[in-house]
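Structure below; questions to follow.
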C-alpha cells in the first residue's frame, strides 16, 4: 500500500498561458507528483514556460498526453470556454482532473463534468487557489469552530488596476475568488440564497468594469463583494462579522493578515417583556482585545497541489471539489442575470 | 458697511446634546460671532456643556432666545424630528438659521424650511461638516477643475463600531455624510439620478445596521456607499475614479489624506473602424506617479462657522445651503423606499 | 475629611504660551480644581488664551497670585530657564507645584526645587504628559508585571518636522518625552547607567537637529532614542523587547497603539556542557500570536491633572514626581556632554 | 562582435545553500547566460536545489568546474570565510567572478581579490542585490541628479526576527545591505569618513544581536543604521534628508515604496548682518506636496545578473564592483573596532 503512495503520480498540465506556469512550478516542487507533459496549442509558449533547462516534455497534442498510461492526472489551465471539452476528454480517458477556476463557462457545462467524474469515480477538483492560503484555512477554522459566533455579515473588496478582459466582465473575472472563499468558509446552512448585482462600465469597455454583489444569507445576514478593474490601488480585504467576534482579513498586510476583534454590539431581549416593550432593546458594546493569530507562510498552490494528491491517493473528496465550483458558477450566472435586470434580486441554490 | 461686518453676529445654539457643545466651542472661537445663549430643554445639560467658567447664558426657553434682538442667528443641534419646528420658529423670528444634518426629518419638512428662508431672504445653511474639511475642499477643487477628468465611479466606505440609533437606521445616521460630500464635489450634471439600497439587521435591532447604496450617475458612472454600525474597525475612505486621474481620500490617514494617482485604464476607439471591429477596443494602461497634495490642517467646524458668518454678512448663498440639504433628504427617502422594496432602483431628482 | 476632598483645589496657571492653554483647558474640565488665575508677562496673551467668555482672571503679576490664599496649587508652563525662579517662589509661598518638562534648566536647579518641596512637605510634580496616556500606563503595567519578561532592548523614535528651537537642541526639546517614559515604565534596577549621544546640525542651525542617544541598561540591555526635527514624516514608535514578549507602541496608530508579540528568540544553555561547547548555544524561535490590548481613549493631560489633585489631597508622591524630573535632567546633561565629546559614553545615576 | 554577445555566457554557481538557489533560478531565466554547473561540497544539497527536472549538472568538484572551458564566469554563494579561496581560484582560472556579499571575510582578503581581478582584466562583481531593486536605482538617480539637494542625513532601519548567526554578529549580517546601498546612492565626496557603533547582546548569544551605527558624512551630515535580529516586526525603511527634498523608502510597502517630500526646514543667513546677529538665523518651513514615483516591479537579482553579463561582454566596470565591496568591508571592520572600544569614533576611507 505504502508503495502505491510513495510512487509519484504522473501528471500533465494543459495550458501554458498565464496560470499554467504556476502549476508547472508547483507540480515540479511536489514530491507527490511527477510532471510529465506541458501541453499547449502553441508549442513555443509551452517551451518558453518550461525554459531551456527542463526535462519535462512540451507538446501540442492532447491526445498523446491522454494516451500516455503514466499520466494519471491532468491539470487544466486553458480558457474557461474550453474547460468542458478538455476536462471531459481527460475524464473519459480515466484521468483525475484539476480545473482552473471557473470550473466551466456555464453551470450546465460544469454539471456535465461533475456528473461524469462522479460516474467514473474520478477526482474532479477546482483550483480555488485562495482557499489554500494559510489565511483562508485559518478563517475557515475560526468560522466553523464557532469562535466568531454566528456570521452576521461579510464584506469583501477585491480591487486593483486589472486587465480589462475581452470576453468576461469583472464579476466573472474576480468574484470567483470571493465566492469560492465564501463557499469554503461559511457553514453549509448559511450559503447565499439570492444575489443582486450592480455594475458600471464607465470606460466603454463593453462590459462591467466595476461591480457590487449583494448576497442574501439565510438567517438575516448579508455578504457583499466589491470587484473593480479600474482602481489604481490594490485592496484585498474581507471582513466577517460574527455575533461573538469579527475577523478582518487583509491579504496585502503580510505581517498581520488576520485580525480577530473581540469588539462589537450585543443586543439583549428581555424575556419578560411584552412585544411592545421589546422594541426598547438593550444594546451593549464590547470593546475587548484584538488577536492576530500567527500564520505559517506557505504558498497556496503548493497546498492545493497536495490536496489534489491526497484526494487521488485516498479517494476522498477534495476540499474544493467540482460541486463547490458548481455553486460558484450558479451565483455568477445569477449575478449576470441580476445585472441584466437592473439589480433585481435573483435566487440561487433553490435546487440544493 | 465695514462696521457692520466688524460687529460680531449675535448667535444662539439650540441643543446641548452630542453635537451642540462642538458648535458652542467653535462659535466661541470665532471672531465673527458673539455667542449669547445655549438653549436646551434640560438646563443642567446646557450648564454642563458650558462648564463653570463661561459667561454664555444657558436657558430652556427658546422663546426668550428668539425674542432677544441681539440674536441674529440660531444654530440648531436638536434631534432631526424637531428641526422643522425649531428652525421654522427661528426663521419666522427673522433669524438666520444653521441646521444640523439632516436638514429635517423628511424632504417635505425640509422644503418648508427652504421656502420659508427664501421668502424671508434669510440664510438657511445645513451643517454638512465634512464638506468643510480641508480634504473635501481640495477634492471639490480637483473634481471641478477637471484634474481628474470625467468622474467614472465613486466608492465610499464609512464604517465603525457606532451607536445603534433607536429611531433611525444606519443609512439615515451615516450616509448623509457621504451624500452631502457627493453633492458638494460632483458637478451638477452628474448628480445621482437613481438609488438602490440593500441592508441587513443581523443583530435584531429593528432597523438596518449594515447597508449599501448604489447610486446611478448620469453618463454611465456609479457611486456606491457602504455604511456599517457593526464594524470593529473604523474605515473612512472614498475613491473617486476619473478618466484622467483617480483620487483616494483616507480620512484616517492624517499624514496622507489625499492621494491622486495618475494611473488607470484608457480606451481608444479607432475612428476608421466599422462597428463590428470597434469591439476590439484598444485598451492601454497608465502607470504614472502618485501625488499627495499638502493640506493645511484646520478644524472643519471652524471653517463651517466662518461660511455661515460670510453668508450672513454678504447675503450670498452658503456652500451647503438648504437646497443641498434637500437633495440629500431626497436620496435618503429614495434609499428607504428601495430598502423596503428589496433593493429596487428608485429614481431621484426627477423634479430638478 | 471628605469635605476637604470635595472642595475644589484653587489653582493658578503661570505661562500662557504654547502649553499653558492646554493646562487651562484641563484644569477647567476637572472637578477637583477651581482655576482662579492665568498669569503671563503678556496680559494680552493671557486674555487671548482665556477667550472672551471666561470668568478666569488674567494677570501679569505673579506676586498677586501667590498672595491669594485661595490658590493652593500653581502650574508652571513658562520657558525652562525660568522654572527655578517661578517654582521656588511658589513653593516658598506654600503652594503645591506642577512644572512643565523639563523640570528645570539644569540638574542643579532641579535639585534645589526637589529639596525645597521635600523640606516643606509640598507636592512637586513634573508634567511628563506622555506618562499619563492610556498607552504608556498600560505599557508600564505590562513591563512591571513581568508579562514581557526581562527587558532586553528599547528603541524609541520621535521624529517630525519640528520647530527649530533657538535656545535648546533637539535632544533637550524632544528626548525628555522618551526619557521620562523610560523612567516611568522601566523597573528601577535597570534604569540607564550611561549614555552616548551623536548629533548633527546639517542645516547650520547652531545646534543638533538630528540626534541619537544610546543608553546602557544594567544587565546587558540597551535603549536607543532617535530624535529629529527635520523629518518630513512624523514617527512616534517605541519598541520594548523582552525575554518573553516584545511590545510595539505606535502612538500615531489610533486603532492599534500597542501590539504585544509572542514572537522572539530563545537561547538555551545546556548545563551539562563545558565552557567550550556552550558556544554552541541552542537558539529557538517563537512565533506566536500578537495581541493588541483594548485601550480606553482618554486625554493624558486630564489624567495628569487628576494625579496632581490626588497627590495634593492624599499627600502621596505623584507618579511623575520631582525626582523623576531630576533623573531625566541628569541624562540630558550627560547626553550634552557626550555630544560635546564626540559620542563618548558618559555615566549617569552614579550617586543614586 | 555581435555573435560574441549573442552567445550565452557559460556560468557556474558555487554554493547551494541559502542564496545559491536564487542565483540558479536567475541565471536560468537570463538569456545572456547558460548555466552549466551547480557546485557544492554536499552533492545532495546541490541536487535538491536543482530539483528532479533540471539538466544543469551538480558536482562537488570545483576543479572540474574551473577546468571546463565553456565556463567563462563563476558566481560564488559560499560562506564568507571561503570567498577568498574560491574566488581566487576562479580568477586564476581566468573566470569572471560574482561574489555574494560580503566580498570577503576581511578587507585584506577583499583587496587581494580586487587586485587579482584588476591584474587579469577580469570582472569582479559583488552581489549587492538591493542596489539593483527598482527602488534603489531610482533613489540613486534622485540623489545624484540633485533633486534632493545636498544630503543632510540618512536614517536606515533593517530589523526583523532574524537567524542568530553563529559566526558573525548582526552588523556583519545585516548592515552590508545598508552600507552597500549608501555606497551606491551617495555621491563619492560624501561617503562616510568615520563610524561609531553600539551593540548589545541581551540574549547571551555571544555577539551583538542589536546594533546601531553612526556614520559621519563629510560636510556635516550623518548616516545612521539600525540592525536588529530580535525584533518581532519587520521594518525596512530608509530616510534620506536633503536640503531640497526628503525621500522615504519603505521597502515593505509594495504600493508606495518611495515617497519624496517637498517639506522641510530652510535656513537663511542674511548677508548684511554681522557675526553676532547672524545667530538670529531665519528659519522657514516648506510644506509642499509628496510625490510617490511609479516604479516598475522587477526582481533585483534579474537586473544584477544582467549587469554581470553586461560587464563581461563590454568590459566595463560593474555598478557594484569589487571596490564597492571593499569600501563596505572597511566600514564593517571599523564598526567592529568601535564596538570593541565602547563606541569610539573610528575613521574610515583615510587612504582613498
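Letters A, B, C and D mark the chains as written, and numbering starts fresh at 1 in each.
What we mean here is this: contacts are C-beta pairs under 8 Å (C-beta built on N, C-alpha and C of every residue); 3 or more make two chains touch, one makes a residue touch a chain.
Just so it is clear, the structure is predicted and the values come from calculations on it, not from any experiment.
Ranking A-B and B-C by contacting C-beta pairs places A-B first.
Centre-to-centre separation between chain B and chain C, using Cα means, comes to 41 Å.
Counting partner chains per residue, chain D has residues 233, 259, 263, 287, 290 touching two or more of them.
If touching chains are joined by edges, the resulting network of the protein chains shown connects every chain directly with every other.
On chain B, the positions that touch chain A within their shared complex are 152-153, 155, 161, 164, 166, 196, 198-206, 209-210, 212, 214, 220-222, 224, 226, 228-233, 239, 241, 243, 246, 248, 259, 261, 263-267, 269, 279-281, 283, 285, 287, 290, 342-345.
Across the interface of their complex, chain C is touched by residues 256, 259, 262-263, 287-294, 296 of chain A.
The touching residues of chain C, counted against chain B in their complex, run 28-29, 34-35, 51-56, 233-234, 252, 254-255.
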